Amino acid sequence: PTIVAGPGADPTCFAPWSPDIKYMQWPAKTGPFKIALVNGFVGNTWRIQMVKTAKAYAEDPAIKDKIAEFKVVSTGTDAPAQLGAIEDFINQGYDAIVTIAVSPDGFDRVIKLADKNDVVLVPFDNVLDTDAVMQVNEDQLAMGRTWAEFVLKELAAAGKTSGKLLEVRGLAGNSVDRDRSLGIHEVLDASGGAWEVVQVVGNWDDGTAQKVTADAIAVNGQFDGIMAQGGTTGVVQALMDAGHPMVPIAGESENGFRKLVAAHSADGLKGISIGQSPGLVAIAMKAAISALEGNPMPQLISVPLPIADYNQLQDGANYWSDLPDNFFTVNEFPPCGVNVSGPAIMAQSEANTN
Amino acid sequence: MIGRWLAGNRGFAVAIALFAVLFVTYNLMHTRGFSTAVLVQNANESVAIGFVAMAQTVPVLMGGLDLSVGAVMTLSACIASVMVNGTMGEIVFGAFVTLLAGTSFGFMNGLLVVYGRIQAIIATLATGAIAIGLALLIRPEPGGDVDGDLGWALTNTVWDFADTYGLAQGGEAAWLQPFINIPVPLILQFGIACLVWLPIKRTVTGMTIYAIGSAEGAAFVSGLPINRAKILAYTLSGFFASCGGLYLAIQTSSGNADMVQAGAYTLNSIAAVVLGGTALLGGSGGVIASLVGALILRVISFYFRILDIDPLLQPLIEGLVLLAAVSFGAGRTFSIRNRLELFR
Amino acid sequence: MAAPIIALTGVSKSFAGIRALEGVDFAAFAGSTHAILGENGAGKSTLIKIIAGVLQPETGEMRLNGAPGRFAGPNAAADAGIICMFQELSLIPDLTVAQNISLSRPPRRFGLIDRRAQILRAEEVLARVRCEDVDPRTLVRDLSLSRRQMVEIAKALGRDPRVLILDEATSALTARDVQTVYDLLSRLKADGVSSLFISHRMHEVEELCDRLSVFRNGRHIETFAKGARSDAEIVRLMIGRDVTAKYPPKPAPVARPAVLQVGGLSWETALNGVSLTLGRGEILGIGGLDGQGQKELLLALFGVLRGVRATVAVNGKPGLPAAPVLAKARSLALVPEDRKTEGLMLSLSIAENMVAAAFDKVARGGIIDRTRVAALIDKGVEVLQIKAGSVDDAVSTLSGGNQQKVVLAKWLMTDPQIIMLNDPTRGIDIGTKQEIFRIMRQLAEEGRSILFYSSDYAELIGCADRVIVLYDGRVVRELTGMAITEEALVAASLNTGDAA
Amino acid sequence: MSRLGTLSAADRPLVIAFGFILVILAVGTVYTLSTTGTMPLLTPKYLLLQLQTGSFLGICAAGLMAVILIGHIDLSIPWTLTAAAMIGTAVGGPGAVPAALAVGLCVGLINGLGVAVLRIPSMIFTLGLDTVLRGLMVAQTGGYAPQDAATPLMLTLAKSSILGFPAALFVWAAVSVAVAFLLSRTTFGRALYAIGTRERAAYLSGMRTTRVIIGAFVLSGLCAALAGALLAGYSAKAYQGMGNAFLLPAIAAVVLGGTNVLGGRGRYAGTLIGVVLIVLLNSVLSIMQMPEALRQIIYGSVIIGMLLIYGRGDRVTS
């Protein structure tokens, strides 16, 4: 691609990450296009929902005609396999490849090959530490900041400006975990309050998060507020199991968490839920097509954080009390015309059978 | 001659045949089948798992197991991601340190098994955790800046290699022409396998590795160097694993202390060993056979990219194919006429 | 006499509290063939393992050619010219014959093993033991036990021994091979090589050796020149008491109701239509050269082999058992060929092994009745007079003979009607052998029937009421009563002339 | 003790492991004393919580021990546990727990058949089946939205408390008594040891080796499934990957308890202590906010260190 001046196409959807982001442009091609999704591993609900969203979005009337072929592979956590799959799709003459990178580094070779062949490579969710490709993500640092700000605000409302906080972190070594935690601590440090933060590692997984939270409560007694990167339903479970009083909590967008907040916010479970949406895949696909059509695109596309706090929760709109806990509630991005509701497609066949 | 070889290497022969069929079919179905680009891509993808499979094979031949191979590969990759950059001299030194580190780790495994008298399975399970811990210390977050030219040169064809470093008139030398389309990763992989393993196999210590897997007590009373062979086996395992790690770091120009990936590599290495026809009980088989086993494992996943298979059914199909492949040899179980032969 | 080539003084060795050797003085001289005799567990193998550097003695000293020395490992001993053939063979099944023959000192080229030279060398030493029929490139795994023993001998020869130690090296050999070994040993002796020879076969010892040392209970009892003592005296030294008749008397032939009828039993190429009838209370011997299908016959009857064709009736009920567990249910028992890997679970206790086959008898609904187990074990120990410190010790701590008794005890606890014995006295000393023969006869008198394969003709002659001789998987001869003679057995085994 | 019970007179690992549990608690307590000035680790509340969460691992380890005793391994535990929980909750209602157990039973049967009849090394067959189960669960979740809420029975088993003790602890205790009895007092249990020592001799002794091997894998599958049902109750739901954290700790627990990884030797009491050790070690490392890197290193070093201590004992006696 060539580096061009902004602004890019459809800025409400493809919002540049920051004002100083550069723009990229590929030679325009005529569709329909061959597009591939190279996923990492699939053993959790978020990824399954993401794959289903991608498949559903590829059938969306808005873009269906622009796609000649849409192929999805999942390679596991294996970096060479993922790089190999991307290279294979380049060799097969695909026009665009969207991917969730298994590692923020190591894509130099495929980036080079993609450029040589004018293939649009779009990492999203787990993005790369490079500005050589167009990427789509939510701002993890901002997510961390918003979480911390919310908790501090709720505590301040209750008259607390110091105290003990629990931070449940994600997978060690992952950049998302790092950025979210940095955001949280940035705000805490700036607040000037005497905050004692107990960190535990929950691996973004309900079971682990629940176990480590239970341990933390058993050892440290009470916390004044909680910030959990993921597995939030498990964190609240542990809270309730331990008979811990309900405190302000910031967490992910799991349906189960939102259900719990909706049910217990009056008791003090004042929660904020911000999600990394599986719907990101749709925006990445849309961005890829836009780039293939020759539009200038921001190198780093920021998808707005889907935020819902306890005042905004509404059954059937941003959470579903009749659906299982494991779904990620936020999937739609109206400004982008992405209207595939994840929980809805996930629930489809069951709704049919019931 | 060939008949005798087939009789003695039945598993290996089956593996080669299976691989050939799978690979040729894949190329036939691929839009750019039988091209250099596809071969280079396939080769790159297979190097790390190939080395790890080789690493697993040596202890297995001895009736042991090394559950730390994936972790040692990861540790080596992390070391390489720090060390392999700068001037040519620094790069070579970095690569040397990487290989030395992995090899030493294997040596330590060997010492633990021989002098610590801990069962290999559990000793290497534990040292694997230690290796991952060290990797995380070296590289708390993924990244690194391995020399980019080196990465490009080693992950392409011989021509690209010569071109990158301006050797053999930038790859245009006449004598080089027959070789220019060979992928460098293939040369590295098979080159190291043959240059290291084949000679070792023909030393007394190397042969002792087989002898231990076959009958340890007999090997000891025959005066074979048991301890030395065991230590050598784990050391070689560490060496091959660190070759995998070094290549991985060069290929991805970075290191990533990914525990899940390390675990997956270890388990896949065992699968590759079995697919290659090496007996998990030891005594027979070989490193090259496991390389073929690893290639089979890889080729299976290639098919998902050219066939239209529901993405959410892919993991299931992958599992079923793996089960089917390892059950392949089981037919023989039913043709065994003396049931005592089932209990080796 | 010159200084002994090997001299041990005050050597002791124990295993997990068991004294295997105690204050042993022993000397062997150049150019002599020296027999080491003793009961099972007397410490013979331990002694030679110490000489060969496999085990380290706890006390005592060893002198080689007069100079004090001790071997750090088998290789050090081999370097000094002391080559040992161990009781439990030291071949590597997954390596070829050629690789095995030059195992620890292979011929090299450019520092690497020279495969071609290895094969040539193997061919040469195999020729020396008249085993030209063995291809050096076959895997040892694929050889029969007797061939393996010959390869083992070839391997020892190939290492240019100055002292050659044979620990029951001939126990599984065929008559022809035994002769080859005899010839070899006398040639080596002529070349000044001295040999240490352990065997439980008295006639071998008498034929080969010029000096004899007797061990008992880990102690060196006496060393003397051949002819200095009579057989009876030697046996008395070995077992510490007088030995009377070697075999219990046979009853007069009577008509017996058949408990086992086998017709036209065939399997693969090994068995080609064996027919036999086993009477109640009868000891039926199976003879023939090694590898003529005797083992397969027993395995087939025990339900181990697949694809057996035969008409079989056990106690009148037709049908061949399809698995050992079913054979057991039909009152069959099998004492298998190799007690260490087939008969016993070596690291489990004696008690555990003794009830291994009879668990279902002492369990109700799968739950074990401990008092009945204890009673059963006590009875087994008593009946077979197993010499053990405690039945809770691992069975591996027993000597070979006592181990074999445990295998026998294991099966007697199932109260079997038909007992099949596959060479049960291999590597077992005279005293224990006698006990086993006595037990066999006693079982027969109780009305049990015994199918008994032995590689030793004398045992068949001494024990069996009737003998069938197998050749190429077929019964070629049946001998009864007084007709069971060595000549008849040998002739039938070679399937010469007047076969039945 | 009867003659059979003293099969593995190796009390050493038990004593050493128990001693190490005390060391872990002491280290953790020193830490909390120095940071917060309290000793929460020694409170019954904390210890019971550990035992409650440890019961899932404990139940997995109980089944795995049977498989290790015959000299095999069951690598399919993670997704057996997950599949049982997911299918159990999807079935829902009173059929949930039986459905979960049925999953374990099927997995165990397939593993057993693969290992005992097809004679494929368990290391590879169970790994393959684990992959298949993962694929099935991905397909199931992708196919529709299966119900994933734990049933009341699961919740009761995992979370309620009886006489002040967590119910999960009673379930674990029941499984333990059953497995200990099975191992020491039944023909099945003794056959496990015999097969683990030498399968060929066990077979020639007329033991039903095929059935016993299948039985061991079924036991492992059932235990993993039960743990899955309990874990679903504890988390109030089933989810993808819930079993991932159980395989390696279960192996470590069994081995630290003195069971020979190659089979034939081991006592159930050891496994019990091994589980407690692993659970406490993890918990204390987490409380100490040990970074993952050091945690892994400590984890590995502890296993090696303890086995070295066990091993030194061998050397002295031999």
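Order of writing sets the chain letters: A, B, C and D. Residues in each chain are counted from 1.
To be clear about the criterion, contacts are C-beta pairs under 8 Å (C-beta built on N, C-alpha and C of every residue); 3 or more make two chains touch, one makes a residue touch a chain.
Note that this is a predicted model, so its numbers are computed, not measured.
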Remotest chain, chain C as reference, centres from CA atoms: A
Chain pair with more C-beta contacts, B-C versus A-D: A-D
Centre-to-centre distance between chain B and chain A (centres being mean Cα positions), rounded to whole Å: 35
For chain B paired with chain C, centre-to-centre distance based on mean C-alpha positions, whole Å: 44
Centre-of-Cα separation between chain D and chain B, whole angstrom: 31
Residue list for chain D, restricted to those that touch at least two other chains: 134, 138, 141-143, 200, 203-204, 291-293
Where chain A touches two or more other chains at once, by residue number: 42-43, 48, 51-52, 172-173
Chain C: positions in contact with at least two other chains: 304, 342
Pairs of chains in contact (touch as defined earlier), listed by label: A-B, A-D, B-C, B-D, C-D
Chain A contact footprint on chain D (complex, rising order): 32, 36, 38, 40-41, 43, 45-46, 49-50, 53, 134, 137-138, 141-149, 159, 231, 234-237, 239-242, 244-245, 283, 286-287, 289, 291-293
Residues of chain A touching chain D in the complex: 42-45, 48, 51-52, 172-173, 198-201, 205-208, 210-212, 214-216, 218-221, 233-234, 237, 241, 256, 323-327, 343, 346-350, 353
Chain C contact footprint on chain D (complex, rising order): 2-4, 6-7, 9, 185-188, 190-191, 193-194, 197-198, 200-208, 264-265, 317-318
Chain A-touching residues of chain B, taken from the complex the two chains share: 30-32, 35, 37-38, 41-42, 44-49, 136, 139-144, 148, 151-152, 155, 248, 251-254, 256-258, 260-261, 264-265, 298, 301-302, 304-306, 308, 311-312, 314-315
Chain C residues within the chain D interface of the complex: 15-16, 302, 304, 324-325, 327-329, 334, 336, 341-349, 351-352, 355-357, 359-360, 363, 366-368, 370, 373-374, 377, 391-392, 410, 414
